[in-house]
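As written, the chains take the letters A, B, C, D, E and F, and residue 1 is the first residue of each chain.
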Amino acid sequence: MKIKQFLISLFFVLFALTSVVQAGGHPAPATDAVAEESAEEKVYQPKSISELMGSFWETTGINAIIDIDDGEMTAEPAGPSAERPMTWFESSLGRIIMIILVFILFYLAIAKNFEPLLLIPIAFGGLLANIPLAHMGGEHGMLGVIYNMGIANEFFPLLIFMGVGAMTDFGPLLANPKTAILGGAAQFGIFGSLIGAVAMGFGLQEASAISIIGGADGPTSIFIANRLAPDMLGAIAVAAYSYMALVPVIQPPIMRALTNKAERQIKMGVQRKVHRLEKLIFPIVVIMLSMLILPESTPLIGAFAFGNFAKESGVVDRLSDTMQNSLINIVTIFLGLGVGSKLAADKFLVLETMGIMIIGLIAFSAGTAMGVLMAKVMNKFSDEPINPLIGAAGVSAVPMSARVVSKVGSEERPGNVLLMHAMGPNVAGVIGSAVAAGVLLSIFK
Amino acid sequence: MKIKQFLISLFFVLFALTSVVQAGGHPAPATDAVAEESAEEKVYQPKSISELMGSFWETTGINAIIDIDDGEMTAEPAGPSAERPMTWFESSLGRIIMIILVFILFYLAIAKNFEPLLLIPIAFGGLLANIPLAHMGGEHGMLGVIYNMGIANEFFPLLIFMGVGAMTDFGPLLANPKTAILGGAAQFGIFGSLIGAVAMGFGLQEASAISIIGGADGPTSIFIANRLAPDMLGAIAVAAYSYMALVPVIQPPIMRALTNKAERQIKMGVQRKVHRLEKLIFPIVVIMLSMLILPESTPLIGAFAFGNFAKESGVVDRLSDTMQNSLINIVTIFLGLGVGSKLAADKFLVLETMGIMIIGLIAFSAGTAMGVLMAKVMNKFSDEPINPLIGAAGVSAVPMSARVVSKVGSEERPGNVLLMHAMGPNVAGVIGSAVAAGVLLSIFK
Amino acid sequence: MKIKQFLISLFFVLFALTSVVQAGGHPAPATDAVAEESAEEKVYQPKSISELMGSFWETTGINAIIDIDDGEMTAEPAGPSAERPMTWFESSLGRIIMIILVFILFYLAIAKNFEPLLLIPIAFGGLLANIPLAHMGGEHGMLGVIYNMGIANEFFPLLIFMGVGAMTDFGPLLANPKTAILGGAAQFGIFGSLIGAVAMGFGLQEASAISIIGGADGPTSIFIANRLAPDMLGAIAVAAYSYMALVPVIQPPIMRALTNKAERQIKMGVQRKVHRLEKLIFPIVVIMLSMLILPESTPLIGAFAFGNFAKESGVVDRLSDTMQNSLINIVTIFLGLGVGSKLAADKFLVLETMGIMIIGLIAFSAGTAMGVLMAKVMNKFSDEPINPLIGAAGVSAVPMSARVVSKVGSEERPGNVLLMHAMGPNVAGVIGSAVAAGVLLSIFK
Amino acid sequence: MEEVNLLAESFKFMILGMSVVFLFLIALVQFIKLQAYLINKYFPEAPPAPATPVANTSEDENKRVAAIIAAVSEFRKNKS
Amino acid sequence: MEEVNLLAESFKFMILGMSVVFLFLIALVQFIKLQAYLINKYFPEAPPAPATPVANTSEDENKRVAAIIAAVSEFRKNKS
Amino acid sequence: MEEVNLLAESFKFMILGMSVVFLFLIALVQFIKLQAYLINKYFPEAPPAPATPVANTSEDENKRVAAIIAAVSEFRKNKS
């Protein structure tokens, strides 16, 4: 009851004051209202109820999909100047295909647990991007706002990389540093597929953007695709995350084909204990090296090293914790939706997408193969035995790939746990891909 | 002591290096300093201490409020071109009225627990927006920066909606789907009050923006107000949240007036168990329907469905958790402050505000009444008994309205728990309002 | 196996549909590809492998540091128009000095625990800003994006202040309000060092920006530096945080020099219990006062008061919790990196930096001294005894300074706990600095 | 300002709006019924509560939230 | 650059600045005293802890937060 | 589009890229070995776990964070 009194007196006071004061005060609001209304009346023509229903029908999605010649424009975050009219395919059948594809991605993410953290936001972004008339990927649409906020300027992939850095433990690499070489060999996945992409007819810059899928690293792929071939961003990101999820399917046959049973049964020694200072200094060493050799790679490696340094410093745990949790989660949501905007039919359903899918698969396979072969070579020349399987982990796809290695290893010889040995090449593969990315950027600078 | 040595040697090294090197190096800093200083001297005229005090007095807020003719400009996030001089009322008495209003909102939020999560940031934003001379709602002010970041482009309301989606359980609606119709009937609150607003003299577009208060849904109201009548955003948002908080006062008398005791005592059966897959597919069904029927509603429904889908998928709990917690909290703070910037006296204290308040109350009442009446009709024709009280929950105002229904129901018949049955119309009301919002947008597109 | 089938059929469907449809459809992608490629060929000239290696060498950081005359431009977040060519010193030796300085900051933060939450992000930002060729502080670089997002518009310092407000307990100040005067006296650190800075040759505006270091408050320093002398932001921020970390070294000798043993042994009474309403109303009183006296200080005080009010209201704990945790952590990371971008050699290694360091030390010392002296005077005229040591806490540097007071006090007289009594001047010092900042802004408005 | 035609227009808006809202929700109700029928026919849930492994996992996950550190290390797996 | 009038100006700034700071804080002290007087006169807190319902809710909440605040207070050191 | 010179260029890219990647990682390996040697020589870790005070602090901090997180998760119940 007291509440009611409050409200009534609030009304009363407001009304009394405003009406008294407005009389002698500023008359603008009234004129504004009139002006606005006349503007409205110009815009809005009275319609009969059936005309109103008819014009409503024009705004439905059913009509947009059925009507072939509606002249809908593509949605571009860069604004209307970058837009073009959609073809009839893009505005009708294309959307349907893309929505089916989105449902397949949902199925894989939920039922098969394929990289759901990225695939669900990407696929949902793709769903939204294919809604007719809503123009959600445009400059003022939700997806376009997100795209301009953090993808066009490459900010979100770097923040993800920062969080991944804060989650990464370089201990296994520091304990057995020479396994880093395996993370280098696997980058053949990038450069080998680059040749393949050129052979397939892509230009050099596009081919480079596609080949980065072989880096098996999400943020790096998005970063490079955005720089070198932004039109292909959606296909490249989807390919990268899909194949990362398919690592348990793609890698084992290649690993088995290139090794014999004796090699796969090799046991590796216990890793030495790594000093805390080694872990602390390591990100600094990496960033200094990339500064000296390859400044183009420093955005990626710098963000990664910052996250790792913050974690290993041990004095800013609340920041490191934020990088690993709320910040990376927020950015993951936005990054996924923003990338998903590139799954609009007019951007995704082009012939290039087929090529990107094929080259991505080649890249993963080539990287795996070269990693295993290099591990075989190293095993020959090393004092300590090296199980060639761990070379496959060099593609990165952290930590899926290392787990696959461990699984295959223990199948061949129960009790042989290779996980920690595979983590070395695995994290080295992340650095290797960032370096490879830097080389590609420096070429096209 | 070691620290001191460090500092001293740091000083020494820096000093030695910079002074030696600067001698032969780049002389710009020195000239810069000179140039800057001369610029300063032009700007800054030496003053006697009493002149200094006098000019300080000019910058105090007391002077700004007392001095009638100071030509202060209104603060607009769109920048100086959108600004106009304040009237004497706006720059003096108006501010005082608004500050009193803000204190009333604080009181209601804290002592009465009226939607404090939104009212406290909004009211505090209003307090800051009414500070003289600080221009905090302007392009470079804190509130203006926030406004441009996420309200002018409607990003924040959508993120809130995403979080609300991730918090919503559609189980009760899925268990008894026909109660969704009640969430439709209650949208009469929107369209009935639209007629009222036009009758009161508002233009069609403004009337539509105001009538959305009847949707009883914060983000939807802000989204639509921003599109159709941005000048009224403050009043509409405050009205929407205030009446949502007042639901326990507004609804029960209407509910009792339109039903007889026997109806209010109706017991409803136990709800069936809902399959997990139903919950998972539901957000997809909603988004597909809105795509087909009403693409204009897809930003709102899409964000809502994304949040719900992420939660129900069960594979991205860390994202869903972030949507429900850190992300929605951060955005709530910003949204509140940004909306509060529209409580500046020059924007809020116009005659229209009175009309908005009155129409808002009509809208809530009309929505409640129509929900109850529709439930009575459904009870007549349904096999299972339907307690007409649950129709009131169709206005949304989740979950306050469902709770009010449950409270009234158990007062009429102790032990009769209607909460779960009221949740169905309640969440359907959210969808219904978003659809209604889409219709309004499509009309004025 | 089912996965493989899925993938294959996905490929097939996509390929069939797109190739069939593209034939009759929109031919743009193909022409696009051709156009893009020809553009590429213009850009990219075929090179022999040794030419390629050579041009790669040009992009290495080693070359950039060695090569004196490479005409690299400074990185400016405001874009290319604000850039100028680097001197040879800035692009070579200067970088090395700055990187060494960054390592010293890392050492102090990690080994000595000197304000690590800010110094680690700032120093890492400084490391990234000094990487040759990467241009990370430029308009499109990671640091430049951050700078433009929240430092150029002063948004981040205000968010930090909001979080600090939500963490601050004004109970001790409310229990013994007259100790607030000590927080005023310590602001002599600001204005005394302002005279010193002018005497040293700085212009009035620059001198004001530097003197704010005496406020011993991070966000206030960054806010004011950004307004009055953005070029000096890096040096001012580093000085402010470094001296705040050095409070346990700087303050005790001054405290002991200005007091006798009897004074230092004074015991202070038990504080009265503070009513919850007092805490709730206090932030409102502060904001109203600053509105009336000094609107220029309201961005800082307003943000601070909002945070504190949200906490004390007790009804928006989830927002207050977010301000104190995920939001302030995220902003701290960004603020640090953004400020760090001002540690680029071309911005930091100027003669002014030496002056800033010296004046900062003077400011801290002068503030401490005046706080202690004022406390001595108050002790003479007060009914209740006041231990002059607590005056030193008036510089703010919350809560380090209050702890130092408590430590010195209990050394002089075991069991004499001054902590709560020192917290009063300590938090008053925060308000005092914000007021002083407002005065400086109002002078140069 | 009170012109008759504006009132008439707003009345037509109401007809249109309420029709679309009801159309939408009726369609939604039908789809919900259809999916409930199909799902419960083709994917019947086993009688006891913790039957399906997926729902089970989700439950476990919720429990794990209490001890976030453990859950976080679990989640790290999904990042690369 | 060392001009006498700049020094004089900065001295005047000091006079102005310290005056305003003291003025502000003295006013603040008076308001604090006034509100303490008024609040404790008109809203006296009942002797036992769970007296007023509002304070009670707040107390409960405070207890729940107590663990957090205690733990966080360590971290507060580094913030200002 | 299949011009021979593009293929040749991409082959050269491969040579350059793989060289730089290996160069980088080999340098990295050498630095890791060097730092491991230097660190374990000049800062040998004491045998028992909680040896260095810094690491100790970090452990405490982790424990404290655990307490916060546990408390926060408790607190989440109040969220709406």
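Basically, a contact is a pair of C-beta atoms (placed from the backbone, for glycine too) under 8 Å apart; a residue touches a chain by one contact, two chains touch by 3 or more.
What you see is a predicted model, and the numbers here were worked out from it, not measured in a lab.
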> Considering A-D alongside C-F, which chain pair is linked by more C-beta pairs in contact?
Replying inline: A-D
> So which chain is the furthest away from chain D, centre to centre on CA atoms?
Replying inline: E
> Hey, which one of A-D, A-F or C-F is the same interface as C-E, over half the contact pairs lining up?
Replying inline: A-F
> If you average the CA atoms of chain C and of chain D, how far apart do the two points sit, in angstrom?
Replying inline: 44
>> As a quick test, compute the distance in whole Å between the mean CA positions of chain A and chain E.
In response: 46
> Where the centres are mean C-alpha positions, what is the separation of chain B from chain E, in Å?
Replying inline: 30
> Once you find the CA centre of chain D and the CA centre of chain F, what distance in Å lies between them?
Replying inline: 41
> When you check chain C against every other chain, which residues touch at least two of them?
Replying inline: 33, 37, 44, 52, 56, 110, 113, 116-117, 202-204, 293-294, 314, 317-318, 321, 325-326, 439, 443
>> Two or more other chains touching the same residue: where does that happen in chain F?
In response: 1, 9, 13, 16, 20, 54, 57, 65, 70, 72, 74-76, 78-79
> What part of chain C is in contact with chain A in the complex they form?
Replying inline: 3-4, 6-7, 10-11, 13-15, 17-19, 21-22, 25-26, 28-30, 32-33, 36-37, 40, 43-44, 52, 56, 59-62, 64-65, 103, 106, 109-110, 113, 116-117, 120-121, 124, 127-128, 131-134, 136, 140-142, 145-146, 325-326, 329-330, 332-333, 337
> Inside the complex, what are the residues of chain B that reach chain E?
Replying inline: 33-34, 37, 44, 46-49, 52-53, 56, 111
> Which residues, counting only chain B, touch chain D once they are in their complex?
Replying inline: 173-174, 177-178, 180-181, 183-184, 187-188, 190-192, 194-195, 197-199, 201, 203-204, 207-208, 273-278, 281-282, 285-286, 289-290, 293-294, 314, 317-318, 321, 428, 431-432, 435-436, 439-440, 443
> Considering the complex alone, what residue numbers of chain D touch chain A?
Replying inline: 1, 5, 8-9, 12-13, 15-16, 20, 72, 76-80
> Tell me, which parts of chain A touch chain C in their complex?
Replying inline: 84, 87-90, 93-94, 97, 100-101, 104, 108, 112, 153-155, 158, 202-206, 231, 246, 249, 280, 284, 287, 291-296, 298-299, 302-303, 306, 309-310, 313-316, 318-319, 321-323, 325-327, 349-354, 357, 439, 442-445
